[in-house]
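You will see two complexes here that share chain A, one where it goes with chain B and one where it goes with chain C.
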Partner chain A sequence: MSNVEKMMSTEEKKAVETLLFQLADDDFLFSYRGSEWLGLAPHIEEDVASSSITQDSMGHAAMYYKLLEDLGLGNADDLAHLRPAVERKNSVLTERINGDGYYMDTPQYDWAYTVVRSYFYTQAKRAKINSLKESSYKPLQEIAVKVSMELYYHVMHWKLWFKQLLSSTEEAKTKMMSAIELVVADMGDLFSYGEQKEPIERFDLIDSEEKIQNAWLEALRPTFEKLELDLPIIPEPKLNGRNGQHTDELQAAIDTLSEVYRIDTATNW
Partner chain B sequence: MVALIKNSQNLEVWKVLESVKDPEIDTVSIVDLGMVEKVEVEAEQIKVTLLPTFLGCPALEIIRTNTKNAVMGLSFAKNVEVEFIFSPPWTSDRVTENGKKGLKEFGIAAPPRHLEEDGSWHVDCPYCNSTYVTMENIFGPTACRSILYCKSCKTPFEAMKPVSTIM
Partner chain C sequence: MVMMTAMTADEKMEYFMERIESGEKIQADDWMPEEYRQTLIKLISMHGISEIMGALPEKEWVPKAPSLYRKLGIMAKVQDEMGHGQLLLRVAEDLMKPYGKTRGDIMQDLFNEDLKFHNVFHMETKTWADAGLIGWLVDGAAIITQTNMLDASYGPYAKALQRICAEEVFHAQHGESIIMALAEGTEEQKAMVQDALNRWWPALLMFFGPPSKATTGASKQEATIKYRIRKNTNEELRQSFLDKYIPRILSLSLTIPDATLHFNQEKKHWVYQQPDWSEFKEIIKNNGPKSQARLNLRRSSYENNAWVREALSAIVE
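== the complex of A and B ==
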């Protein structure tokens, strides 16, 4: 690992770090939102399935944070829990709340929203992971191969939900359509690499933004055609999470999870 | 002579690793599951390299501790290091014949080797060997297992998910 590090220029190292933070923070927030569903999913089988996906995704985030630790950026757990919102590089889509109400209180989470977000997100992750299998950064390439195998089941799961809800009752369909609108509105930065776009692409760390976004659209196409829906049009980002621009929903999430983490770390003493 | 001793010590480590069971399935060891990638013995320094089945698996730390403790029990062990690596990735075809037997004993169908074109797969019921089974939930109680139902003996059972590099 340290050999790889030595061979990299400052510029390349910066690009690697930025991409790693984007991947790590995305999966971390995505699985945090997933974990809030624990015990609240539509039925027990789904509870088992989504907590399994959440656990896998948390494992993926941990791997990326570990690579950052190897690059000398600090302890992986601290990187995950203690960085403030302005330093976060996750896409806005992953930080959004599941719906109104606090987890411990009377949550009124929106399952349709979760299905759409999870399907679109995991399919986008699929496109990135496929490309990362060829990354010029070896440690990332190796992780991508492993993540890919687990992701296979995640995509399958969310695609099934997506299809089923959109081909059931009118009510379900209406809810799904408005969920799609909400999710797509936040997708502006999902395929963005932010300010580091140029070096990230130049060093062949991953395919270009455009290429990943196209791969994502092509992956959705058969499903959308079968359901007779138009493919989504990704808007320009209003906030770009890759550059540290976020909603208040992120800060609230970080407050909650860092508080739990601090208590946890304290009891370990 | 030194080489011979090293070699026999290496075998002893492998042997003791067979006593390290999956924390949830006590009929299979980490060797049976194909999780042990490498054993290195250098003087009193022993290093065991393991492959995690799934990245987020909560049992990994338990496995690490149990592995360490088991190897420390060897008379020549002074320093034991257990490392998890991701490359090569663990795949379900690493499960040995012995592992498959152990899984079946526990009521878990071994991971199938063959995947259909649409990604679906088939296993037989570990209890009555019937092929008349349905998938209940692809995500079982742990990341690496799925829940199925046998329509012949009317028993729910689990199967270890196939995991391969073509996915």
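== the complex of A and C ==
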């Protein structure tokens, strides 16, 4: 155990763990939804490009789970695969399905929804990562620097898609506008730290919810102005994923992603 | 610089054959006989589309991969396959230019079943061991057929294959690592690999195609060898695969599901139970276990995303 960890009070440790679970579960679910798209993206070049983002995101989740493992919360694979929905701290937005249908059948995934979710999510992730570079928790600072470099391209990629599809055919615009509505409706908990808000902010682990949300809005502003769109108004959360409140879509995802792992959780795969 | 325009058809052909026989590479804009162009288009578009279709059986296991590490590994692998498809389809698109055809036509040919995808990708995957086995042995087989064409007379194809082969080596290692973990694991894991091998063995033999055109009535072997696109016959490639992988399979204490399999010391080749070539004929007519399901998945995702491609082409910068 490092000196940093030795000095943490029980209260601070609890706040660190909670934030780490939020970051880990967010990227893990976001990447899982991305992985369902593999082989089915609108064109081959996009399949290759978005797959890189999906892989990077899984890599980020793995780094956070590893920090949790280092803090003594169990091994990273168990944390990623075995925790039931009520213990998950991801935002509701990241757990949502890509569209109708199971990935093993012939799903009718919604690319407009994927573009909007990915753009809003990666831009929010960037606001958090920028703040985490100054986190009082050193291991998070180090991760933030690594993530930041990759995130630059993720945001650029999704922003381009967002602008293009909103500057094209009427059909594309209509689909994008409905997607924005769907995504924003689920954003109530994206900037929330849940029940641990007060200690997470007090220990300077990351900037306040309000500050991150404002940074996100400011980052979106130029794009929205150019497209003559009103900036989204974030609703109050109906479910707060940070407190373990989730839709059934999350449990279904967990069942799939852990199907093989659960056959034998003690063995090496 | 030889003035092709001043030459007769026969002279052009003779000059072309001289070039490829002396090991020169043909480039996209060079003169080439029609049969050569057609053979390449058929071969490379089938190869490219097989990479794209080949992503489907493995992608079934991506979300289910049983650790963070495996999830990362198999995602990267499927991404590479799509990347290979992209690389190859670009080579095919260049060759199709004189006919005014594009990638959209390749996709339509796949959907209306004029263009076929490789027989091995019509098979079902049932367990995680299948994902490992595809990486290890299917990619292992692909390395053998692709290495056989690394010196292909058509330069752009040879160049694409060089990159593909380098990546396939990583894929085979990725697959081998999954299989080793299972083969050294619990009884249940060992049984999982053995079951996968039992189911995939005939498909692995079929991978290289029939020994001669007597089986299916047609074979590209002669034209591709004549034009220096490939070196060895289907049977020679299958023998190389058996040479390389039988010892490795046995070293993992797995049983090859063929009691007749043995090496004939005198003739220096493997004697094996022939796979059911009538099943092969059905598979290449898209009547294999998962042929239609995978085609449907590809068709439905293509239709489902048609609005995106339309939107992209409508963008005025």
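Basically, the second predicted complex is superposed on the first by the 261 of 269 C-alpha atoms of A that agree within 3 Å, B and C clash if a C-alpha of one lies under 4 Å from a C-alpha of the other, contacts with A are read in each partner's own complex, and residues count from 1 in each chain.
Just so we're on the same page, a contact is a pair of C-beta atoms (placed from the backbone, for glycine too) under 8 Å apart; a residue touches a chain by one contact, two chains touch by 3 or more.
If you're wondering where the values come from, they're calculated on a predicted model, not measured in any experiment.
K.L.:
In the overlaid three-chain picture, which partner chain does A:Glu249 touch, first (chain B) or second (chain C), both, or neither?
P.N.:
A:Glu249 contacts neither chain B nor chain C.
K.L.:
Applying the touch criterion given at the start, work out whether A:His157 contacts chain B, chain C, both or neither, answering first, second, both or neither.
P.N.:
first
K.L.:
Check the contacts made with chain A and report whether chain B or chain C touches more of its residues.
P.N.:
Looking at chain A, the partner in contact with more of its residues is C.
K.L.:
Does the superposition put A:Asp264 against chain B (first), chain C (second), both, or neither?
P.N.:
The answer is second: A:Asp264 touches chain C but not chain B.
K.L.:
Once the structures are superposed on A, label A:Ile143 by its partner contacts, choosing first (chain B), second (chain C), both or neither.
P.N.:
first
K.L.:
Mind working out whether A:Glu12 is in touch with chain B, chain C, both or neither, as first, second, both or neither?
P.N.:
After superposition on chain A, A:Glu12 lies in contact with neither partner.
K.L.:
Check whether A:Gly59 is in contact with chain B, with chain C, with both or with neither, and answer first, second, both or neither.
P.N.:
In the superposition, A:Gly59 touches chain B and chain C alike.
K.L.:
In the overlay, answer first, second, both or neither for which of chain B and chain C A:Ala172 touches.
P.N.:
second
K.L.:
May I ask you to decide whether A:Val48 touches chain B, chain C, both, or neither, giving the answer as first, second, both or neither?
P.N.:
It touches chain B and chain C both.
K.L.:
Touching chain B in one complex and chain C in the other: list those residues of chain A.
P.N.:
In chain A, positions 45, 48, 52, 55, 58-59, 62 sit in both the chain B and chain C interfaces.
K.L.:
Using the touch definition up top, name the residues of chain A that touch chain B in the complex.
P.N.:
On the chain A side, the touching residues are 45, 48-50, 52-53, 55-60, 62-63, 142-143, 145-153, 156-157.
K.L.:
Which part of chain A faces chain C closely enough to touch in the complex?
P.N.:
31-32, 35-36, 38-45, 47-48, 51-52, 54-55, 58-59, 61-62, 65, 76-77, 80-81, 103-104, 106-109, 111, 164-165, 167-169, 171-172, 175, 256-257, 259-261, 263-264, 267-269
K.L.:
Quick check: in the complex, which residue numbers of chain B touch chain A?
P.N.:
That would be residues 54-58, 86-87, 89-91, 119, 136-143, 147, 161, 163-165, 167 of chain B.
K.L.:
Across the complex, what residues on chain C touch chain A?
P.N.:
Per the touch definition, chain C meets chain A at residues 52, 55-56, 59-72, 75-76, 78-79, 82-83, 85-86, 89, 128, 178, 181-182, 184-186, 188-189, 296-297, 300-301, 304-305, 307-312, 314-315.
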